[in-house]
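These are the structures, in structure tokens.
Two complexes, one shared chain (subunit A), two partners (subunit B, subunit C).
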Partner chain A sequence: MATVTQQLDPGAAQFLSTAFPAFVRTGANFPVVGLAFDATLDEAAFWLIRAVNYGSGNLTIHTDWYADVASTGDVVWESKLAVITPDTDTQDVETKALATLNTVTDTHLGTVGQRLHRAIITVTNLDALAANDDVWVKLTRNAVNVADTMAGDAILTLATVSYSDV
Partner chain B sequence: MAVMDTTNRLRTWSQAMRDWPRTVGMPNVTKTELRAAVNATDDWLEANQPSFNAALPLSFRSQASVAQKTFLFSYTAMRRAGLLKAQED
Partner chain C sequence: MAVRFDLETDAYTKTVGIPGTTYTYTFWFYIPVYRSFWSGIVDVGPVSGVWQYFGIDAYDANIIFAWSANPHINLAPSALGVWFRGAVVRNGTALTAYAGQVQNALSSNTGTINGLTPEKLSIGRAVNNNEWFNGRVAAFKLWDAAFTTPEVENELGQYQPRRTTNLLAFHPFIGTELTDYSGGGYDLTASSTSTVIEDGPPIPWRLSSPRLIIPSPLPSLTPVNPSGAFFPFFP
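Then we have the complex of A and B:
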């Protein structure tokens, strides 16, 4: 039994034509690249992965982020999946719907504004996921949620998807 | 002039968060608290606009538009807070 982990690189993210995060590059001594999610608009990024060796159980999405300017407040992250089994599912890939969202609220830990945080989303709405399916992962900052209280952008530096191979 | 309507206050709040300078940092407040501060600032500007106008020298006061006076006010306040870099600096 092992855990399979796949990286969701901000530079590899895809977007719809509206409501997408800005791509930012900062860093004094090494490049810090990320996606800056707005504080008042819901913005989303997407990745396509193949669920190689997926066995069973929930997916876990680790979302590494930091605040652009804030040093307090909560950020609400949500994720949705759209899963297709090639050669089996007859669903039109261009009109496929996303499954119900899963969400997590992560609190800024203070002290240093731009410290790195890790929010963990447990994805239970798996859209009938099976091994080697194609999985579109949508990651959103739910900025309009009343529980999202952090001022300013939340910058995503890296996300991972992990699951069990048995 | 009247205070801004809800939409304009909302957009001021949203854009302020997008443009907030890292050099000054965000105070230890939530989005809701920042929004209340935007509203309070707008209220204060509305209430104190007459006294600001009266403080201006007559020549400028009589010649300048509201937008021109607002520009002057904003630049002066920004310089005082270290947010306005001049070519001479």
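Then we have the complex of A and C:
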């Protein structure tokens, strides 16, 4: 039994034509690139992965982020999947709907505003996921949620999707 | 991110790294508000007397390419508050210009322009008149080669240049910087007023697949050397 991990590079994210995070690059001594998710509007990024060697169980999404300006407050991260089995599912890929969301609320740990945090979303709504399916992963900062209280952007530096191969 | 121009004196310019009469440039632009005049967004042209710019005709809200001794050619209707793709391919006197909203196909039009050799690049304003742009520009790339339509479409899909051969300029504008990231060192020069950075277009930095990590069983940790002594295994 092993854990399979797929890295979701912010620089490779795809977006709809509206409500998308801005690509940013900062850093004093090395480039820190990421996606800046707004504090007042829901913004989303997308990646397509193949569930290579997927065995069973939930997916785990690790979301590494930092605050642009705040040093307190909560951020609500939300993920949805859309899963298609090629050659089997007859669903139109261009009109495929996303499954129900899963969320996590991560609290800014304070002390230093731009410290790195890791929020972990357990994705239980798997949209009938099976090995080697194609999976569209949507990651959103649910900024309009009353539980999202952090001011300013939340900047995503890296996300991973992991799952068991048995 | 994207650079926001909102004054005539905001334009970025340079006179180094300028192509001859064969070139392609691609970029994204966003119009928050119309000016009451024509607006030059990008101009690759001679330094005096004439112009050759991609811009906006605010009188009929069209995206245009304009050059001296010709009214202009229309490329596509413009709109406020949405991102557009723009591109120009020149091969001698033959010119093809492209424009299109993010979710729509590119429109194009062609023209025969004067054969003058470019001497200056101006972003945010036409080189030789006061037709400046009030809006955002991002992911500007310039090559001294004439691209096909599929090559143009390809480059508009991401910030990073996909083709590096013939690349003369790469200005992503994701920060308040004038640096040329093409490797040529052809940096821009700011005008007399400063610009700001605003949100950019809905494109990735680069198109690439997620990286897959599948653990595999470790090899033996106890190989034997010729003398018969054990030593740690270093792959």
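In this section, the second predicted complex is superposed on the first by the 166 of 166 C-alpha atoms of A that agree within 3 Å, B and C clash if a C-alpha of one lies under 4 Å from a C-alpha of the other, contacts with A are read in each partner's own complex, and residues count from 1 in each chain.
In this text, contacts are C-beta pairs under 8 Å (C-beta built on N, C-alpha and C of every residue); 3 or more make two chains touch, one makes a residue touch a chain.
The structure displayed is predicted, hence computed values, not measured ones.
Engineer: Go through the superposed model and pick first if A:39 touches only subunit B, second if only subunit C, both, or neither.
Structural biologist: The answer is first: A:39 touches subunit B but not subunit C.
Engineer: In the three-chain superposition, say which chain, subunit B or subunit C, touches more residues of subunit A.
Structural biologist: C
Engineer: If we overlay the two complexes on their shared chain A, which of subunit B and subunit C does A:49 touch? Say first, second, both or neither.
Structural biologist: So A:49 only meets subunit C here.
Engineer: In the superposed arrangement, does A:113 touch subunit B (first), subunit C (second), both or neither?
Structural biologist: Only subunit B; A:113 stays clear of subunit C.
Engineer: Determine, under the contact definition given at the top, whether A:147 touches first (subunit B), second (subunit C), both, or neither.
Structural biologist: In the superposition, A:147 contacts neither subunit B nor subunit C.
Engineer: Per the contact definition in the header, classify A:72: touching subunit B only (first), subunit C only (second), both, or neither.
Structural biologist: So A:72 only meets subunit B here.
Engineer: Could you look at A:93 and tell me whether it touches subunit B, subunit C, both or neither (first, second, both, neither)?
Structural biologist: Neither partner.
Engineer: Examine A:130 and indicate which partner it touches, taking first as subunit B and second as subunit C; both and neither are also allowed.
Structural biologist: A:130 sits against neither subunit B nor subunit C.
Engineer: Between subunit B and subunit C, which residues of subunit A are contacted by each of them?
Structural biologist: None.
Engineer: Give every residue of subunit C touching subunit A within the complex, in rising order.
Structural biologist: Touch list, subunit C to subunit A: 1, 82-83, 101-103, 159, 174-175, 199-200, 202-215.
Engineer: Okay, in this complex, where on subunit B does subunit A touch?
Structural biologist: 10, 13-14, 17-18, 20-22, 25-26, 28-32, 34
Engineer: Quick one: in the complex, what on subunit A touches subunit C?
Structural biologist: 2-18, 20, 22-26, 33, 47-49, 52-53, 161, 165
Engineer: If we count contacts the way the header does, which residues on subunit A are in touch with subunit B in the complex?
Structural biologist: 38-41, 67-73, 110, 113, 148-153
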